[in-house]
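There are two complexes below, and they share chain A, which is joined by chain B in the first and by chain C in the second.
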Partner chain A sequence: MTDPSPAAHQARSAPPGIPGLRFLPALVAALAAAWFLGFVPAVARGEVLTWAVPWVPGLGIELAVLIDGLALAFALMITGIGAGVFLYTASYFKGDPRLTRLQALLMLFAVSMLGLVLADDAITLFVFWEGTTVTSFLLIGFDHAKKEARDKALQALLVTGLGGLALLAGLLLLGLETGTFRLSEMALMGDVLRASDLYLGILVLVLLGAFTKSAQFPFHFWLPNAMAAPTPVSAYLHSATMVKAGVYLLARLSPALGGTEVWIWTLTLVGAVTMLLASVWALRQTDLKLMLAYTTVMALGALVMFLGGGHPAAVKAAATFLIVHALYKASLFLLVGVLDKKAGSREVDALRGLAGAMPLTATLTALAALSMAGFPPFLGFIGKELKYEGALAVASEPVFVAGAAVLANALMVACAGLVAVRPFVGRTRRAPKDRPADPPVGMWLPPAVLAVLGLAFGVFPDLLLGRTLIEPIATAILGEPFALTLKLWHGINLPLLLSLLTFALGLTLYLLAPRVRRALAGAEAGGLPAAEGGYDAALSATKGVAAWQTRVIQGGRITVYLRVTFALLALLIWGAVLTGTGPWPAFDIDVPLLHWAIVGLIAVSAVAIVLTRSRLAAICALGAVGAGVAILFVLYGAIDVAMTQLLIEILVVVFIAIALLRLPRIPAGLPRRWGDAALAAALGLGVAVALVAVLGGDLGRELTAYFEANSAPEALGRNIVNVILVDFRALDTLGEIAVVVIAAVAAIAALTARRTKGRRP
Partner chain B sequence: MNSLILTTATRALAPLLLVFSVYILLRGHNEPGGGFIGGLVAATAFALLEKAEGVARARRLLRLRPLTVAALGLGAALLAGLWGAVAKGHVLAGVWPLIEKTADGGKSGLPVGSVLLFDVGVYLVVVGAVCGVLFALEEAATALECEPDEGGAGRGGGAPKTIDQTMDRTIDRTVDGGDR
Partner chain C sequence: MELILAALVGLLVAAGAYLMMSGYLVRFLFGLVLLSNAANLAIFAAGRLTYAAPPLIPEGALAPGGPVGNALPQALILTAIVIGFGLFAFALALSFRAYNALGTAEMNAMRHAEPVPAPTPTAAAETERPA
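Now for the complex of A and B:
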C-alpha cells in the first residue's frame, strides 16, 4: 500500500523468507476447518454451543459466540473453502512480492467473516460485519495502481458501508425493543417484535443492510464491479462467503422478524427480481469471470427469495442451495482463474478446443458446471429439485416463484455450458497463449476437492449432508426443530418435470447464446436504465452539496468564518436560554465599587476597540479588556485562571501586533457595519444572560467536594486546579496538548508552505 | 525593532522569566502555577527575545526546533501515562516512587513522579507550540514586507472601500507572496 507504481512491484523480487511460509495460511485454515468439523456430531444432535465474555458490561454488550447449524455451516465454508483459496493463492501469486499483503488481507477477512457468523451478540456481529466490508474494500482495490480497481473498491465500500450504517441502526432498535443484544434471545421474542410499533422501521433498516451486502436489486451493481479484485479474492469473498453475509443475517433474524406479510413479499419480490435480472445479464457477458459474478447475484437472489418463502420446504431449499452454490461457484471461479493464467484469457470467444491441452482443467470444470446446471447425480440436482419443491410451497405466489426459478435455472444451464463446454470443445485450438497447459497441483487441487465434494454429497446426500448440516441449518432458520431427509431420487413428480423443462430451455438458450448476447448488448447501448446510474447520480450530488456548503461556510475570508461561527453560537445560546426552564437567580447587584470600576474599564476599552481607527490603539484596548478580566478573576480568588488569562492576553497582543501593525491604516469614511454589530451584541448578551441563568441552576458541587477532599491525601497536591489538570483529569489534558501540537503543526505549515515552495520550485 | 531600551531590558528580563517559569512549573502542584502557566511564561520570554533581537537569534537561543520541543513534551506526557499503566495498571495513574506510607496512614517523602513528568510535558508543549507559531508568523510577515508591493495595484484597483477589501488584499498578498 505504500508503493504506488506497478513497475516497482515487478522489478522487486520476492522478499527472502522461510521457504514454504506462503502455505502457512492454507495450513491454518485447514486446521481451523478440521476443528470446526469436530463440532458437527454435537450440532447434528441438535446441541447449540455458546460462549461469552463481557465486553462493555455497562451497555450489556458481550463478546458472545454461538455455534448452531447455521453458524457451523458458514464457519466450515469460510475455513474449508478458505484453505483451498489460500493454497490456490500461494500458487497463483507465486514469486509475486504482493503475495504477503494479499494473504494478510485474506486472513484478516477470514477472521472477520468467522466472527460475523459465530457472533451471538448484535454489536459483535456488526463490528465483524464492518470488518468484512473494510477488508473487501482493500481486496477489491488490491491492484491499487489501477484507477478502475480503486473506483470499484470505493463503490463497494460506499454501498455496503451505507447499508452497514442502516444495519447498525436496525440492530440498536432491535436491542432497545427486546432489551437484549443476544441474537439467540431475540429469536425467541419474535411475537413481541412483530407486534411492535417499531417493527417496520427495524425491518427496513435490517433489510437495507442485508440487501446491500448480498447485492440485491437495486444494489446489485457493486458485485460484478468487484470483479476488479484478483481471481482468488472473487472466488472467496464475492461468491462463497462475504456476499452471503446478508443472506446469513436474514436467516439468523428470520425467527425474530420473519413470517409477516411485508417480510414474505419484500424478500420474495426483491429476490425474484434480482435472480431474474442477474441471470439474464449473466448471458450478456463475454468475460467468464463477470458471467460467474452475475450468476452469483442470481444465486443470492434465489436464496433471499426462498428465505422469504415462509414454508419449511422453501427453507430446506435455501439451506441446501447455500451449500451447493458455495461448492460449485468457488471451484468455477478458481478454474476460470486457471484459464486466465494458463490459456491467457477469460473471454468466452477467445478460447476454443482446450480439452486436449488442459484435460484436467476441462474435467474439473465439467464436474463443477454439471452441479451448477443441476444434473444428477450431483448435489446441484438435489438443490434444484428442492428449489422447485420449495417454490411450489411458498406462501406468496407459488406459480410466479416457480416460474422465475425455472427461467433462472435454465439461464444457469446455459451459463454452465458457456463456462464448461465452449472453451474446451472444438477441433481447432484457440488461446492467446502459445502453450496452454494444466496448472500445478496448488491450483487444481482446491477446485478439484470442491467439485468432487459436489459429486459425493450428491450421491450420499442424507448421510453426508442432510443430517449433519442441512437439518441443523433449517432448524436455526425456522427457530424450531425440523426433521428432513435429502434424497437424490424423488420419484416422478412436478419438480422432476420442471427439471426436464429447465434442461430443454437451457439447451436452447445455450445454442442461442450469441444471439441473446447481441440483443442484450443492443438494448444496453439503446439506453436501458441501469441501477448504477442512480449510484453515480447520488455520488455526484453529494460531492456537489459538499462543494457548495464549503464555499458558503468556509469562504476563505476571516470575516465569513467569524460571522458563521458567531451566528451559530448565538443561535445555540439563545435557543438554550429561551427554552430553559430553570429558576431565574436572585440577582445580587451589591458588589464593591472597585469591581464596578474594573467592569467600567473593560466596557470602555471594548467600545474603544470598535471605534478607533488606529490599529495600535485597538491592540492596546484589547489588552486592557483582557487585563481587566484577569483582575476580576484575582478579586474572586481564581488565581490560576487569572495568571493564565493575563499571559494569554500578553501573547495574543504580541501575535496580533505582528499581523495588524503591517496592515495599512484603516481608511476614513468606511461604512459602519450594523449587521456585524448586531451579531456581536447578540452573542455577547447571550453569553451574559446564559452565565446568569447558570447561577440559578444546581451547580453540582459534588465533584468540587470530591476534589477538595481527595486532592492532598490522594494526589499529593494542594492546588486542586493543577491536580485536576495533571492527575484527576489528566486524560483530558493529554488530549488538549495533543490538539495544541496538531494546531501548531498546521499553523506553521500554512505559514511557511508557500514560501518554501517559492524557494524550491 | 531596534530599541536600545527594549534590548537592554530583555537581556536582564528574559533569563529571569525563564527561571521564574520553571519555578512556576514546579510549585504548581501546591500553589498557583503549573505546567501550562509556566510554559506561557517561558513563551513570553521568547516572545520578548524575538521582539528585541529578532527571530533568528530567538531560534538560536531555543536551540531545538520549536516543534521538536512540543513533540518532546507530548512524548513526556505519554511516557507519564505509560508509567502509570506499567506501575499501577491504569494509564495516567499517578506514581510517586519516593513516597512511603507512614505508620499512621499518612504519606511522607518527596512527591516527585509521573504527575510531575506529565506537567513538564505540558510545559514543553506550550513553549514549543507558541514559539513555533510566533516565529513562523514573524518570518511570514517579514518576508511579506521585503516583497516589492505590487499586489494591490493588480487586484481590483482603486482605493479599498471597505475593511473587507483591505483585508482581502493583504490576505491575497500574504498567501501569494512567495510566488511573486
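Now for the complex of A and C:
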C-alpha cells in the first residue's frame, strides 16, 4: 500500500512534449470551476437551470442537464478540487513518464463525475455513474505492475459495479413506475412512489447502488483498499468526489423516495454503524493515508445518517458537512502525500519533530486538521454544531444518533491530532529521508487554498456559503424551499456543550491513541469478523462454480457436449409447448393404407439403424429411410423435392458405403445407454408434440399466395417451386451453392491434407 | 396425415439423437442423416399437405387451377436437403480425417484440443489453479 515510486521511472526519459503542458488539465478545470461559479447567483436566487437534447429518442432517453444547488455544489467541488489536484499531480509526478496517462484518466473521471451530478435523466446518470466506476478501477490499478494494486482495483470494480447493476434495475423500475426518466419529474411524484407496490424493491436496489458506491457498511472495505492508488487519486476520487456519488444519489432521490419508515431506519442505522466502525478503525491505523481513508468512510456514514433523518436540521447538517469534509479531507490527503514524498514515510510512528524542517506543511496540516476536529472559527466547527443540532432534531432516535455523532467526532479529533500534531512536534527530528523539506509551490498551493477556504467559510459562513450553496442544496434535498442562516456562534446551548464534551473525549483518545491501537490490533488478531471475508468467499465461490461448470459441461468429451445441447433443446421445446396456448388440431389419421405402409417402412428402418450392429444392414436401412421420405414427397405433390431427395440419398449411401470400408467396425456388445435413450425420447416426443401444436394453429399462406399469383405473370415460370428458387429467392440459392462449394473445398482439404507427424498416440 | 408425420418426425429425431450420442463416428453420421430427414419432414408437414397436386401452373394460365401443394415449404426443403448434404459430406470427410490422424473412431478418445489432465500431481495443480 505504498505509493508508486516515480523515482524508479525517472531513469526513463520523460516523453518529449510542450513544456508546461502538464499544467493544462489544472487550467481547464480551473476555468470550468470559474464557469460554474458564474451560476452561483442565479442558483442562490432559487433558480433551477435545465437543458436537454434527445439522445436515444426511440427509448425516450435524453441528455438532460439540470443545475440546482445540489448539482452546482458538486460541480464546484469536482472542478475546484479537481483544479487543485491536477496542479498537485503535475508536481507530484513531475518527470514521470506515466504522468500523461494519470492526467488523462483523471480528466476522464472528472468528466464522468460532472455528467453524473449534472444529469437530470436517470439513464444519463447511470451511464456517467458507470464511467466513474470504470475510471476509478483504472486509477486504483494505476500501478498495474503490482498485483496488489490490480487486486484492489478489481475489488473496487466488482463491489461498485454490482451495486451499479442494482442501481440500473432500480432506476428502470423508477422510470416504469413514474412514466418518466427525468429525475426532476420523479422528485414531484414522491407520494405516488411511496404508495407503490414496487416501492420497497426500488428502494432496496437504489440503496444497494448508493451504499456500495459510498462505501457503507458492509460494503465499506473496498474504500480503504482503494488507497493502493496514487495519493492525488485518493484525495480526488476516494475522498472528495466519487465516493460521494452514492450520497449525491440519496440526496437527489430523497424527495422521490425519502421520508418513509424504512428509508429513515435503513439510512440512519447503516450510516451510524458505518460512521462508528470506521472512526474506531481509523484510530487503529498506523498509515496516515489509511487513517484518512477510514475517516472518509466515517464521513460518508455521517452523511447517509443525516440524509435518513429527513428533518430540515439534519439535511442542513448533511449539506454543510458535505462541503466541510470535501475541503479538509482533500487538503489533508494532499498533505499526507507531501509527507510521504518529502519526509519519506506515511507511518505515524516514523515521523517526529518535522515542524522545523517543514514549517509550511505543518501550518497547512494544522489548518485543515483544525477544521476536521471542528475547532472554531473553522467551517468544521459549524459543521459539527449543525450535526449535533440535526442529530437532536431527528425524531426517531435522537439520543442514539447524537451519541454516535459525539463518539465519532471525538475519534475525529484524535485522528486529526495524529495527522497534524504527532508528525510535527517533538524535540528530535525523525524521518526516513535525510533532509525533509517543504514541497514546491505546485504541491503546497492546492492544499493551502482548500485549508484557507475552510477558515474563510468558517469566519463568514452565511455570506460566503450559507445563502450561496447550503440553502440551495437543502432546498434540492428537501424538495421544497428552505431558508437557513449559518452562524459561527450559536450561543450556549446543547450542541455547544456536546462540542466541549467531544473535545475532551477526543483529547483523551489522542493521548491514549497508541494504547487504543494496540487493543484494537489485539481484537483484530482475535478474529473480529471482517466484511472483506464475505467478498473473498463470494469471489472464490464464483471461481469454484465456474471451474466446476467448465469441468462438467465443457470437459472435452464430445458426447457430453451433444447431451448438453440436446437436453437444452428438449428443455426449450418443452418449455414452449407447455407455456403456449392455442387449439390442438382435429385428430385425423384416415389415410390410405399405402401411406401408412411407407411411414411404417421409414419408422422400422430408423429403429433398425439404432438396433443393428451390422454395418451393411444399417446402410440399407438408411437408404430405405431416404427413399421412403422421397416417396412421401412424391405423394404429396413435391416432385422437385422428391427428385433431389432421391439423388442426394443415393450419394449419401454411396459415400457412407465407401467410408465404412475404411472406418473401423463398431465394437460388438455396446452397453444400452438408457439415459441417452430417455433424453432422445424426450427430445423426439417434444419435437412431435411441438409439430402437432404448430398444426393446430392457422397457417399464414400470404407468401405462398403471392408466389402462386406472380410466378407466371412476372417470372414467366410455371413451376412455382423452381421460380421461387431461381428467381424470387435467387440470392438465397446462390448462398446455398456457396455453402456446398465451401463444404466441398473443406472436405477435399480434410481428405488430402498430409498426415500430421506425431499426432497419432 | 400431418399428425402421422409429426409422430414419424419425433421418432426420427429420437433415433438420430440417440445415434449421435453414441460416441462412434459411424453411428454419429447415421444420426446426422436421420436428423436432416426429420427436419425436412417437419417443414413439409408444418406447411400442410395436399395430396397429389404439385404446385404447377397449367400451360397458358396465370395461376394454378385449383388448390395445389404449398410451394414455399417445398422451396425451403430443397435448400435444406442440399445444405444438409453439404454438412453430411463435410462431416464424413472430417470423420475420416480424424480417424486417420488420431487413430481412433471413438469420439471421446479424441482429446487433442482438450487433453485429459494427467493424474500426476504437477499437472493436476496446473489445471486446478483457476479454482
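Definition applied: the second predicted complex is superposed on the first by the 566 of 761 C-alpha atoms of A that agree within 3 Å, B and C clash if a C-alpha of one lies under 4 Å from a C-alpha of the other, contacts with A are read in each partner's own complex, and residues count from 1 in each chain.
Everything below uses one rule, namely that contacts are C-beta pairs under 8 Å (C-beta built on N, C-alpha and C of every residue); 3 or more make two chains touch, one makes a residue touch a chain.
This structure is a prediction, so every number in the text was calculated from the model and none was measured.
Engineer: Check whether A:G544 is in contact with chain B, with chain C, with both or with neither, and answer first, second, both or neither.
Structural biologist: The second partner, chain C, only.
Engineer: In the superposed arrangement, does A:Q645 touch chain B (first), chain C (second), both or neither?
Structural biologist: Touch partner of A:Q645: chain C, not chain B.
Engineer: What is the contact status of A:E708 with respect to chain B (first) and chain C (second): first, second, both, or neither?
Structural biologist: A:E708 sits against chain C, while chain B stays out of touch.
Engineer: So, does A:D96 touch the first partner chain B, the second partner chain C, both, or neither?
Structural biologist: neither
Engineer: Does the superposition put A:E532 against chain B (first), chain C (second), both, or neither?
Structural biologist: After superposing on A, A:E532 lies clear of both chain B and chain C.
Engineer: Could you figure out whether chain B or chain C reaches more residues of chain A?
Structural biologist: Higher number of touched chain A residues: C.
Engineer: Pick one for A:D727: touches chain B only (first), chain C only (second), both, or neither.
Structural biologist: first
Engineer: A:D287 contacts which: chain B (first), chain C (second), both, neither?
Structural biologist: Touch partners of A:D287: none, neither chain B nor chain C.
Engineer: Going by the contact rule set out at the top, does A:V654 touch chain B (first), chain C (second), both, or neither?
Structural biologist: first
Engineer: Considering only the touch criterion stated at the top, classify A:L716 as touching first (chain B), second (chain C), both, or neither.
Structural biologist: First partner only.
Engineer: Could you tell me which stretches of chain A are touched by chain B in one complex and by chain C in the other?
Structural biologist: The answer is residues 557-559, 639-640, 644, 648, 651, 655, 659, 662-664, 666, 670, 673, 713, 718-719, 721, 725, 733, 740, 743-744, 747-748, 751, 755-756, 759 of chain A.
Engineer: Help me check something: in the complex, which residues belonging to chain A touch chain B?
Structural biologist: 557-559, 639-640, 643-644, 647-648, 650-651, 654-655, 658-659, 662-664, 666-667, 670-671, 673, 713, 715-719, 721-723, 725-727, 730-731, 733-734, 737-738, 740-741, 743-745, 747-748, 751-752, 754-759
Engineer: Which of the residues in chain A come into contact with chain C in the complex?
Structural biologist: On the chain A side, the touching residues are 540, 543-544, 546-548, 554-559, 562-563, 566, 585, 587-589, 591, 595-596, 599, 602-603, 606-607, 609-610, 615, 618, 622, 625-626, 629, 632-633, 635-641, 644-645, 648, 651-652, 655-656, 659-660, 662-664, 666, 670, 673, 676-677, 679-681, 683-689, 691-692, 694-695, 699, 701, 703-704, 707-709, 711-713, 718-721, 724-725, 729, 732-733, 736, 739-740, 742-744, 746-748, 750-751, 753, 755-756, 759-761.
Engineer: Which stretch or stretches of chain C touch chain A in the complex?
Structural biologist: By the definition above, chain C touches chain A via 1-15, 17-27, 29-30, 33-34, 37-38, 40-42, 44-59, 61-64, 68-72, 74-75, 77-79, 81-90, 92-97, 99-103, 105, 107-108, 110-116, 128, 130-131.
Engineer: Going by the contact rule set out above, which residues of chain B touch chain A in the complex?
Structural biologist: 28-37, 40-41, 43-44, 47, 51, 66-67, 70-71, 73-74, 77-78, 80-81, 91-92, 94, 96, 99, 106-107, 111, 115, 118-119, 121-122, 125-126, 128-130, 132-134, 136-141, 143-145, 159-164, 166-168, 170-171, 175-179
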